[in-house]
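Chain nomenclature is as follows: A, B, C and D, assigned in order of appearance, with residue numbering initiated at 1 for each chain independently.
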Amino acid sequence: MSTSKLVDMRTAIAAHVHDGDTVAIEGFTHCISFAAGHEIIRQRRRNLTLARMTPDLVYDQMVAAGCAKKLIFSWLGNPGVGSLHAIRRRTEPAALAPGESLLEIEEYSHHGMVGRYVAGAHRLPFYPLRSYSESDLPKVNPLIRTVQSPFGGEEVYAVPPLNPDVTIIHAQRADAEGNVQMWGLLGCQKEAAFAAKHVIAVVEEIVPTSVIRADPNRTIAPGLIVSAVVCEPFGAHPSYVQGSYDRDNAFYREWDTISRDAAATEAWLQEWVYGVKDRAAYVAKFGGDYFKGLTPTSAPSGSVDYGDYR
Amino acid sequence: MSTSKLVDMRTAIAAHVHDGDTVAIEGFTHCISFAAGHEIIRQRRRNLTLARMTPDLVYDQMVAAGCAKKLIFSWLGNPGVGSLHAIRRRTEPAALAPGESLLEIEEYSHHGMVGRYVAGAHRLPFYPLRSYSESDLPKVNPLIRTVQSPFGGEEVYAVPPLNPDVTIIHAQRADAEGNVQMWGLLGCQKEAAFAAKHVIAVVEEIVPTSVIRADPNRTIAPGLIVSAVVCEPFGAHPSYVQGSYDRDNAFYREWDTISRDAAATEAWLQEWVYGVKDRAAYVAKFGGDYFKGLTPTSAPSGSVDYGDYR
Amino acid sequence: MSAQRPASKSELMVVASAHALTGKRVCFVGVGLPNIAVNLAKRTVAPEMELVYEAGVFGANPARLPLSIGDPTIVTGSTATVSMHDLFGLYLQGGRIDVGFLGGAQIDRFGNLNTTVIGDYAAPKTRLPGSGGACEIAINAKEILVIMRQSTRSFVKELDFRTSPGNLGGAVAAAKTRAAQGWGGSGPSGVITDLGVYGFDDDGEMALRSLHPGATLDQVRASIGWEIRIPQSFPATPTPTDEELRLIREELDPTGAYVS
Amino acid sequence: MSAQRPASKSELMVVASAHALTGKRVCFVGVGLPNIAVNLAKRTVAPEMELVYEAGVFGANPARLPLSIGDPTIVTGSTATVSMHDLFGLYLQGGRIDVGFLGGAQIDRFGNLNTTVIGDYAAPKTRLPGSGGACEIAINAKEILVIMRQSTRSFVKELDFRTSPGNLGGAVAAAKTRAAQGWGGSGPSGVITDLGVYGFDDDGEMALRSLHPGATLDQVRASIGWEIRIPQSFPATPTPTDEELRLIREELDPTGAYVS
């Protein structure tokens, strides 16, 4: 119906990510677009405000590469492993390298970050939630406030909308118009996408529109809100894509070692980000067997019937 | 894992619907549990507060049968046809039969009703929305109020939580523990179910738990929140179940004629509700070929892969 | 196709409504005439238009004419089928809808609409369906098109109940309220009746834009409960083409259930 | 199985945590030790327990031990996989979670927890992960179990930052706040360490409930930064059974990644 939005990653990032932008690469452990993060590093974007519930390795790498001036987040760690050391070097004064400044920090809880995206996506001035009561978080984040219920006067907490300039989501599949379908952990991709001015959808596979239309309940973002579609197999590595490949837990552990040392981190970036021209080259560098080892056996959902009504 | 919650409709209604309760039979045009509504009529429940976005024929019939003292709703019509005449006879003073009193009315817009269920399900004291501005609805419903944003002071409208004593949803399938899966129009079934103290899930088919677990993204309500599971094929007729049978548009039109006349309405209730002992008898009364005529040809969703990760 | 019988009043409404959708992208569809108008537009002047049904469907591709807004045919083959919470929150309130269609039992000169009651709210003469999604469509869709047949009962000086706001008491008040209250849209942009097409002038008041073939100014004036603004000159509404009539009569409403 | 090597401190923590889950229905699972404890409980004392992962999974049935909270193995074969919005809104805030597990860098005598910073917030000595879901789990899960190794660095008189509220300044203040602020839960019910199991007394203050085999009161006192309440008499924590140790060592953590 519409014209194709299919572009390569370089084009998508060049068109939609600009210095100073607020960028959200979402995906809760699952479907994190490392491919987009690496291309942002290669294009040497600067002064980005990076929003993400769990900054994960992708933001640790982007911070190490000097892309970020600020983080908006709710949990700052290497899931299942430990710390994000590059980010710690920019948040702990004693660890700060000469000439570097501290990252700006704006911090919430998980529900608070979700609420920020929901408010942004629903065009609400705030999102109410039962969190933060007697926590010190509201003391250090002036954007966590209370709101009084008009029914009985009870006070709950509220967070303001977050509307990224661009949200980047990874998913299993989309059609060329940008209708995106996803299964497994849904994170807050839908809300972060609807909250954004632009959406870049990165997928493992481009499918005909008929595949999307055969199962419309699986659509998390319609082409209407998507500015660019990028087909990038293994684009979420070292995170994973449900049904396509496994989380590369070995790399998550390895990053803990690499990232403890600034020079080793820089060397890694040189080899695996600056040193490859795109994700296809990154995948090729691992060798085909490497990804075979991450491929799960099949667990089919089964098909349901929507019925043909004429 | 848990014990079975599978019961027949008579048992489910007897156990969970009591005189004076607030009852929500949800389903937006799709998957409306007429089977439950008819059983409530047969068990002669009284003084119910009936909540539903679109009361539809099911509440017109329940009001005609004398079950209701109050309606909470957002759109009061026979969709695609016209008025709900039995309800009009209880809302227009000139049409009121001797000895009858006016129904209590508490009325919202669609988004407002959705918001009431969401607030109820999320345990929030209110739900904010950008609606009602300059409408007369807040003047006639004191539960539509304004709330001030703690960010910039902007005023938006708010509705209070709705927590039905029991929510009844219909869906394509569930397992015996009450894990419910649904596709097609999702309405506000999930929110209405999570908002309720008890949930009765009525389904076309009971499937093994393995079918549910093969596609966990399709689950709209987990067994955790479901008190009773009823297997009731064609239990949504004359509304429809995506992929199973079509909406019986002829009956929706026919009801317009029947319901214009109080005596004809009563005769219909005698024949089709009081006169049959359960939904199976109702279906048998139509004859098997009748429902064959409502069965669509197949439109499969196709299967996706979740991957077996060991 | 030739020697078509001339367009009926309903057909004139449908075709004029379709024309008003020229080039539009995302349209919130109601049942009945708006539904046929939108499907006609999609086959003619707005092939890229996405149909949104308030029941929770985006990018519908119905294989038959849906009787109700929740017909299963709007789901099968659609781009996205979502909960009402998502539909009203993400799509409508989120600002993704270009055009919403509304109708009503009463409309006033500023395009405010009543779909709630005739008479007193607490003791109505006629109980109407109520808002449904109309109140929030009026506020949050970027623009509103109204389809209604004209009569002095429906085009009234004063509404019995204002369900869905239009231009309130005029353009100035409306602009101020829209900004202060964060409305997503700019209100009514056109009213299509069985006699003509109306726009809203700088005062926010309804004014004739074109007169349907066969209709007269006397008919227009006699069926509106206030002195309707009629400009010095105005065109005739274009006569439906043979192809438009064929689409309506053969494809969209072959039984004449809506457009007769 | 016999001639097992004796239980390690981590194994004692895991088994004591599993025992604390006896008969529980819905548990919010964290990674690491809590994850192993919950999976052990499901195989022993709480077979009907449903595992909820904050990543969006209800009724998980992991085929392997998940390294992270978002491992694909928690999705495949689960009862429901949902958005974070649903997980935190409908399940947690909605009041459907019986037990939440928390840990932290610091805990005080009232069970308040710090997972945010060591040192000053604006210029921290150590930047920790932050809240994640901990703050809302502490408030909305019906009860909280804490798993932490004891040390004077972590069991402190005063937190550097209160990320997740426990019993605040004591039972009276906590009860008042919980009612006024509409908390869904009643806060911490137990703390399981490498030395013992603690409960909370009528003042809302931590008190020893049982001492692990091999641990001494001197060790307990030396690794807590305040004068810990120790009752006149208390039992020993039950020694892990052979079957419990076998499950941990052979099924749940065969590589000893967590429990060693």
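The rule is short, and it goes like this: a residue touches a chain if its C-beta (ideal position, glycine included) is under 8 Å from a C-beta of that chain, and two chains touch if they have at least 3 such contacts.
Everything numeric in this text was worked out from a predicted model, so none of it was measured.
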**Fill in**
Moving step by step through touching chains, the smallest count that connects subunit C to subunit D is 2
**Asked** Compared with subunit C, which chain's mean CA position is the farthest off?
**Response** D
**Request:** Could you put a whole-Å number on the gap between the CA centroids of subunit B and subunit C?
**Result:** 28
**Complete:** When centres are defined as mean Cα positions, the distance from subunit B to subunit D in whole Å is 40
**Prompt:** Touching two or more other chains, which residues of subunit C qualify?
**Reply:** 57, 71-72, 75-77, 81-82, 89, 93, 182, 184
**Multi-partner residues of subunit B (at least 2 other chains)** = 123-125, 129-130, 154, 156, 183-184, 186, 190-191, 214, 217, 242, 246, 296, 299, 306-309
**Asked** If each chain is a node and each touching pair an edge, is that a line, ring, star, complete or other?
**Response** other
**Asked** For each chain, which other chains does it touch, given as pairs?
**Response** A-B, A-C, A-D, B-C, B-D
**Complete:** Interface with subunit B, subunit C side, in the complex: residues 31-32, 54-57, 66-72, 75-77, 81-85, 88-89, 92-93, 116, 121-136, 139-140, 161-165, 168, 177, 181-184
**Message:** Taking the touch rule as given, give the residues of subunit B at its contact with subunit D in the complex, in rising order.
**Reply:** 1-2, 121-125, 179, 190-191, 194, 209, 212-214, 216-217, 219, 222-225, 306-310
**Asked** Which bits of subunit D are touching subunit B when the two form their complex?
**Response** 25-26, 47-48, 50, 57-59, 61, 63-64, 71-73, 75-82, 86, 89-90, 93-96, 182, 184
**Asked** Across the complex, what residues on subunit A touch subunit B?
**Response** 123-126, 128-130, 143, 145-152, 154, 156, 158, 160, 172, 183-184, 186, 211, 214-215, 217-218, 242-244, 246, 296-309
**In the complex with subunit D, residue positions of subunit A that touch it** = 28-30, 53-54, 73-77, 79-81, 83, 87-88, 91-94, 102, 107-111, 114, 118, 129-137, 140, 154-156, 183-188, 190-191, 240, 242, 246-247, 249, 252, 296, 299
